[in-house]
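Working notes for the structure below.
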Amino acid sequence: MSSHPVIELTSPSSWAMVEDKFSPFALETLAKLIKFQTEEVWPALRVAHAQLPDDQSRWKTVIPIIRDLKARARELGLWNLFLSKSHYPQHGVDLTNLEYAVMAEILGRGGHFASEVVNCSAPDTGNMEVLARYGSPEQQKKWLIPLLNGEIRSAFAMTERFIASSDATNIRTSIRQEGNEIVINGHKWWISGAGDPRCALHLVLGKSDPNSSDKYRQQSMVIVPANTPGVKIIRPMKVFGYDDAPEGHCEIIYDNVRVPLSNLILGWGKGFEIIQGRLGPGRIHHCMRSIGAAQNALDLMLARVTDPAKKTFGKYLYEHGTVVADIAKSRAEIESSRLLVYSAAAQIDKYKAKGALKEIGIAKFVVPSMALEVVDRAMQSFGAEGVSQDQSLAQTWAGLRTLRFADGPDAVHIQQIGQRELKRAPEVVKRLDAIKKKETGLFEKYQVKAHF
Amino acid sequence: MSSHPVIELTSPSSWAMVEDKFSPFALETLAKLIKFQTEEVWPALRVAHAQLPDDQSRWKTVIPIIRDLKARARELGLWNLFLSKSHYPQHGVDLTNLEYAVMAEILGRGGHFASEVVNCSAPDTGNMEVLARYGSPEQQKKWLIPLLNGEIRSAFAMTERFIASSDATNIRTSIRQEGNEIVINGHKWWISGAGDPRCALHLVLGKSDPNSSDKYRQQSMVIVPANTPGVKIIRPMKVFGYDDAPEGHCEIIYDNVRVPLSNLILGWGKGFEIIQGRLGPGRIHHCMRSIGAAQNALDLMLARVTDPAKKTFGKYLYEHGTVVADIAKSRAEIESSRLLVYSAAAQIDKYKAKGALKEIGIAKFVVPSMALEVVDRAMQSFGAEGVSQDQSLAQTWAGLRTLRFADGPDAVHIQQIGQRELKRAPEVVKRLDAIKKKETGLFEKYQVKAHF
Amino acid sequence: MSSHPVIELTSPSSWAMVEDKFSPFALETLAKLIKFQTEEVWPALRVAHAQLPDDQSRWKTVIPIIRDLKARARELGLWNLFLSKSHYPQHGVDLTNLEYAVMAEILGRGGHFASEVVNCSAPDTGNMEVLARYGSPEQQKKWLIPLLNGEIRSAFAMTERFIASSDATNIRTSIRQEGNEIVINGHKWWISGAGDPRCALHLVLGKSDPNSSDKYRQQSMVIVPANTPGVKIIRPMKVFGYDDAPEGHCEIIYDNVRVPLSNLILGWGKGFEIIQGRLGPGRIHHCMRSIGAAQNALDLMLARVTDPAKKTFGKYLYEHGTVVADIAKSRAEIESSRLLVYSAAAQIDKYKAKGALKEIGIAKFVVPSMALEVVDRAMQSFGAEGVSQDQSLAQTWAGLRTLRFADGPDAVHIQQIGQRELKRAPEVVKRLDAIKKKETGLFEKYQVKAHF
Amino acid sequence: MSSHPVIELTSPSSWAMVEDKFSPFALETLAKLIKFQTEEVWPALRVAHAQLPDDQSRWKTVIPIIRDLKARARELGLWNLFLSKSHYPQHGVDLTNLEYAVMAEILGRGGHFASEVVNCSAPDTGNMEVLARYGSPEQQKKWLIPLLNGEIRSAFAMTERFIASSDATNIRTSIRQEGNEIVINGHKWWISGAGDPRCALHLVLGKSDPNSSDKYRQQSMVIVPANTPGVKIIRPMKVFGYDDAPEGHCEIIYDNVRVPLSNLILGWGKGFEIIQGRLGPGRIHHCMRSIGAAQNALDLMLARVTDPAKKTFGKYLYEHGTVVADIAKSRAEIESSRLLVYSAAAQIDKYKAKGALKEIGIAKFVVPSMALEVVDRAMQSFGAEGVSQDQSLAQTWAGLRTLRFADGPDAVHIQQIGQRELKRAPEVVKRLDAIKKKETGLFEKYQVKAHF
């Protein structure tokens, strides 16, 4: 069997399917990433949490050990791995989406900080994609380069309070031109990353032409420097009891915020086009990180159920009830989900995100539920400790839970996939009719009648 | 997007993952197989059933249209596709397990006859593998060649009545040497294929050395010509209400059956080794055919729920309730199962069946349950017609149901996968300990204490 | 604990909930029924199947042992127990729906024949209800009395081929007056009981006024003597290969069938009203019989997994895998379903079927799926034998499967219950608003502000 | 239909089953409780949270509005409703367990504070039961009376860190006599209520005779005044980020804690007996509160999915995807769970907790999972808001999640129920054998042979 470190780490059954598709550079980068994460990042995670103060000053903190690890990652060349050169020739790294998918799983095992240290964390990743694809040279110089360098961070301001913003046409934030300036008024929430002291810009979506007959041309997107007057951060939203400081998910009021006209991205009425273009690969990243979280939970569960200190009634935990079956199911579910996402990534590599909508959509609704289930089983094996601050499982679960509605609730994706599948119906009916017709001929030819 | 006929047939998302692994010969064979099945085999299926009499003479029938299609298939070179040349250089076809897996799904759409017409149906496939791998030249000449030519058929006699034969050490059939002969006595049931008038041989497993201290050396396997005196076919077992004539699943008593010593396969005490070697690829074939059955059921469902004649309360069936969601789930489940089996096939291609036990085991317990679920949803969309003789769904479901215990019940495979996964625990614990140790160093280095 | 035989038979946890609601007569009848079923009926079931010929004459057979048991049941006073005196004062038995529900479970354990021997089998039960409630005195004398006496049997002809007849407005059968006669033309299928040689009448639903603006007044129901010229039984429909002879589920063409005007039930345009009135209690009976089937399957599973002859790898089946957990879940699911149906029966007793629509609807979609699951687990514990003719489980499963669409598919009931629950929304909103208003007052009173 | 307020509040289908079992006093108390909760308690809940400081002083706070509501509840006679007079003649209230079960559901809708204001909140309830059943007159005077009066609160200290304390024989805390004193040393965690400034006593379980051959006689239980020197509260444990102040779930070290000998409850070696006796009704209370939480979540979901402000793509949320089906399922699952717990309560009323172990065990593993599922569906309908501090759902979910291991993990209860059910096997086998024997006789009598 292959001896790549990824085998030692998780022994993924799927490796035989993708190994041949890896370039030597990707194989080497993956190995280096695994070494860096296991030896330097994962031992740093609890330290990072400890460096985050317990009081309000947490929102002003740049965590020292994270800062040090970022420098180290850059030194190692483990940086911006998400940006595929084939899609972003100028700024990208020489990795396919499939190759990065395997790496994103590794990152997902360590939680949010593990992605941040290699400059591969949301929402910066999606924002860099937007600026790299749609930004003007000036915008790229001012915002994209520092983001690519990890010098600043960013927020993506789309979701709004008081409305159902999973339907982008419901957006109420107003974006209008006044002379050489753009004026923004709106009330957003769940703006991830906006709490971070390093957050330098918000990409804000709003309506610039609310009366346009084409409802997909009503929106525009604008770069708002975070320190612009009128940008009022109201409060961090909590996810279950977690505030995810220092980044946070903020409620923000944009109160007569003024930015220069040059901060408009791509042009008036292009907002919807931009958010559509932003979605594909990011969903794959989320999915692979979720799979990493699930795999990590399964590993923790393996350790727990074989822990002699946790024996009850004279037996190891794994000797009780349905634990072995739960482990088998978890393994199978992780493996099949992994393959689904690989398949979507391979599809993107071949046909771009637009040619991979079905594959991305399936992964989007299958993976978070799967990961929640696996993490939940692991929590159960830990008993009360599993839901507490002494283990990462509960916070991981809470984060995964948001993925069942972030970027559109499960139901939306399920309906879209179902509708897309229904489009195959006419072709199927045509085939069945052709079969029926030939069948009739054969009944005649062989001179036989169907049994009732 | 690629234009291979497999895309038109099912538009499998997974194609992007495997396309590159196909040889030009395999691509062409797959296309030819699809054309043959859709244009010649599927229109013949109901005719075949009609040619099978309604009374006891059904057990003596060679169905004319099946016989004709076999000739046609051989002519087209669509023959023995299951036997991979890399494992069986002498008799095999130039296809990998992965390539054949994709083809086996196509075969599975048409039910049992669709496999038979290309000489790829169980139990003949497994029996040919046994004879090709373990048979003496003489045995191969006498039995393997006619089987490869589709001139005769065969049965595999392992399962016994009155005991739990999923544990092969429970086997009671006695196989003993008497002079130059082997004498067999035993009571088997669920012997598939034994009812067929073309069935020429049984591979019979029994105990030749029941007192051996090595319980995996107690068994031997013997070739029993079907017409040997003492071979008494008692009755066909039914699966739900189906008897699967003419092949059937028979109850058989071997009553002082005598065969020449040369009919022993591989040697005394080699029975367990032979049945182990027989299992791997066959399980993959079953799985892929099950996926084909599921995909076919989904297609039938698509046709049904868009049928204007089946509208209720003014709406198409797909506009009601959870139909669209059910279709989306079915699609996702089929896709992820397909990838699991591809992954197992790729693993076999790389590391032989022995190096793919985990992958095969996962597929074995995941796929049949998935397929049952998908077919059940399709049945529900057809209402009462779905469980009747007017549709193939109920019989398909019943056949799939047996796969949850054939070759070992789900529970056995689930336990094995779980136990196998538990073997990773020491490695995981070692890694967690290493992380903990480094973490302690980092807490010291950064002079910080964990929050409680 | 109570010592009633029902405790010994299944030890239903729910007994403590319903015991107090039983009259002394009901307690005694229940005990007598249990004794009769366990000692006389269940030992007769395989004999009855054996008395049914294997060829086409099966459709002309009155099974001797069933006939004898019917006489015996009548003698014991175990007869027509389904017909509650409170709803049918003239013909009914002094049992509430709840009391009969407990008995129907007992009947369900023995399959269809077990109900027939106490004259409590569908479709006769529903037909007797129709005639008792809506029949003219003449109709009652001619048809109801012999049915109540078990001298004849009957069929209910509603479902039609080629349309989606779960929407009764799709019905195409034509019923029109011609002089003193009614003329019926139509194509029905799945007409249970019509195959029985004792079947003397069909209650036929058709459209008498297809152009009526009130689509619930277009239908009428007519009594058609089974031997009327033009009643053509085409074939028995099969359910998973089973034909359920001698009753069968027949395809029937009514070809210019003529009956006297006096055979119209209740009046022109009353067909929909009649079928609505027929549904409530019958659904409860189906549910309770399904629960009996599930409980019986669980019992068989208990016997199987503790059978020393079925040990594998040195352990009882129950010591493997998730068997104990499966048993616990089955027990819990049976128990909660039982309570749901009891609750619906109690609701009918208090508020008639019309006041129990929600309870009946919930039971209708919950119970069959539950029972299928429990029987499926039991089948799995039996391995191949479980799906064969040697055990009752597969046929039981197949019968239960039809209940997921008989009397309306699950989806229809689920939607109705959901919609009915949504009607509570305005009341809920009103309450939440009232709470909010008071809350505002309390914030002021206590001079405190909400944390964000 | 009945017009009791409970019908207006939740229209529980199960009401028809239990109404007759309510005394006039219970009916009136239930109505009064509903009025009090809806009009006074539920509007106060967010105020109570607002009165709890955001910093460490939260652990020293007696919330004013809760204090006021407690006075009001006592005035209304809504007090100690959990303590059934039939089990506790001296201190109890004239309510059966079934009657209180219905009330506990109402309490569960408002979360923890809603139970506290009527002095029915854990762990005080279980502790009062212990003192009422096992306490000496002196202990009752000193601790039980103030608890019954709601003047003090209490903690139950059983669970230990570093071991698997779901197996009570693993307990390590040492309790030994030294002269007239008892000395306690141990390390506990998850001690609910210990953080509260009003907490006056801990009931501490430890080992007094660790070498006893009877492992159920090794434990003793001691009353420890909360302010005893050596009682060191280390930290509050968090549940999904929530600390549940002011009560909290504390980690506590008992470091050479000394109490008088008279603080021993019931006698040396009686600890296990006491904790066993404490469990039954408390589990029912938890279950009913969970059902209340689920019902409340369903109500919130009904309001959300019909909210015109949350329309997407021109349709109400309930018009999308599977929302209606989800609501129907939630309703059905709540209803069947409710009935399961009622059934357990009725069983306790008839046969005490010891005679209701199966019913309690089933409820214990069925209800929390059900409630989690229902609350999760409601969260999903709220999108991100559902997991945030603006709705109660996430905190409710987190609390419910702990019930899958509190008082023993699901797996333990599932195994116990399964094993208990297996005890029916010999009886079943005996019955099946008797049937078989009679069957053989009938085959002879009727001179018929079974079909194969």
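Lettered A, B, C and D in written order, each chain numbered from 1.
Just so we're on the same page, a contact is a pair of C-beta atoms (placed from the backbone, for glycine too) under 8 Å apart; a residue touches a chain by one contact, two chains touch by 3 or more.
Which chain is which protein? Per UniProt: A, B, C, D = Acyl-CoA dehydrogenase NM domain-like protein.
Note that this is a predicted model, so its numbers are computed, not measured.
Student: Of all chains present, which has the mean Cα position farthest from that of chain B?
Tutor: Farthest from chain B by mean C-alpha position: D.
Student: With contacts defined as at the top, give the pair, C-D or B-D, that has more of them.
Tutor: Between B-D and C-D, contacts are more numerous in C-D.
Student: In whole angstrom, what separates the CA-based centres of chain C and chain D?
Tutor: Their C-alpha centroids are separated by 38 Å.
Student: From the mean C-alpha coordinate of chain B to that of chain D, what's the distance rounded to whole Å?
Tutor: A distance of 49 Å separates the two centres.
Student: Could you pull out the residues of chain D that touch at least 2 other chains?
Tutor: 321-325, 389, 411, 414-415, 452
Student: Note which residues of chain C are touching chain A in the complex, please.
Tutor: 234-235, 251, 321-322, 324-325, 452
Student: Flag every residue of chain D that touches chain C in the complex, lowest number first.
Tutor: Of all residues in chain D, those touching chain C are 1, 8, 11, 13-14, 16-18, 20-21, 38-39, 42-44, 46-47, 49-51, 54, 64-65, 298-300, 302-303, 305-306, 318, 323-329, 331-332, 335-337, 339-340, 342-344, 346-347, 349-351, 355, 358-359, 362, 365-366, 389, 411, 414-419, 421-422, 424-429, 431-432, 434-439, 441-443, 446, 448-452.
Student: Under the touch definition given earlier, write down the residues of chain A that touch chain D in their complex.
Tutor: The contact residues of chain A facing chain D are 159, 162-164, 166-167, 169-170, 189-190, 237-242, 249, 309-313, 317, 320-323, 379-380, 383-384, 387-390, 394-395, 397-398, 401-402, 404-406, 409-412, 414-415.
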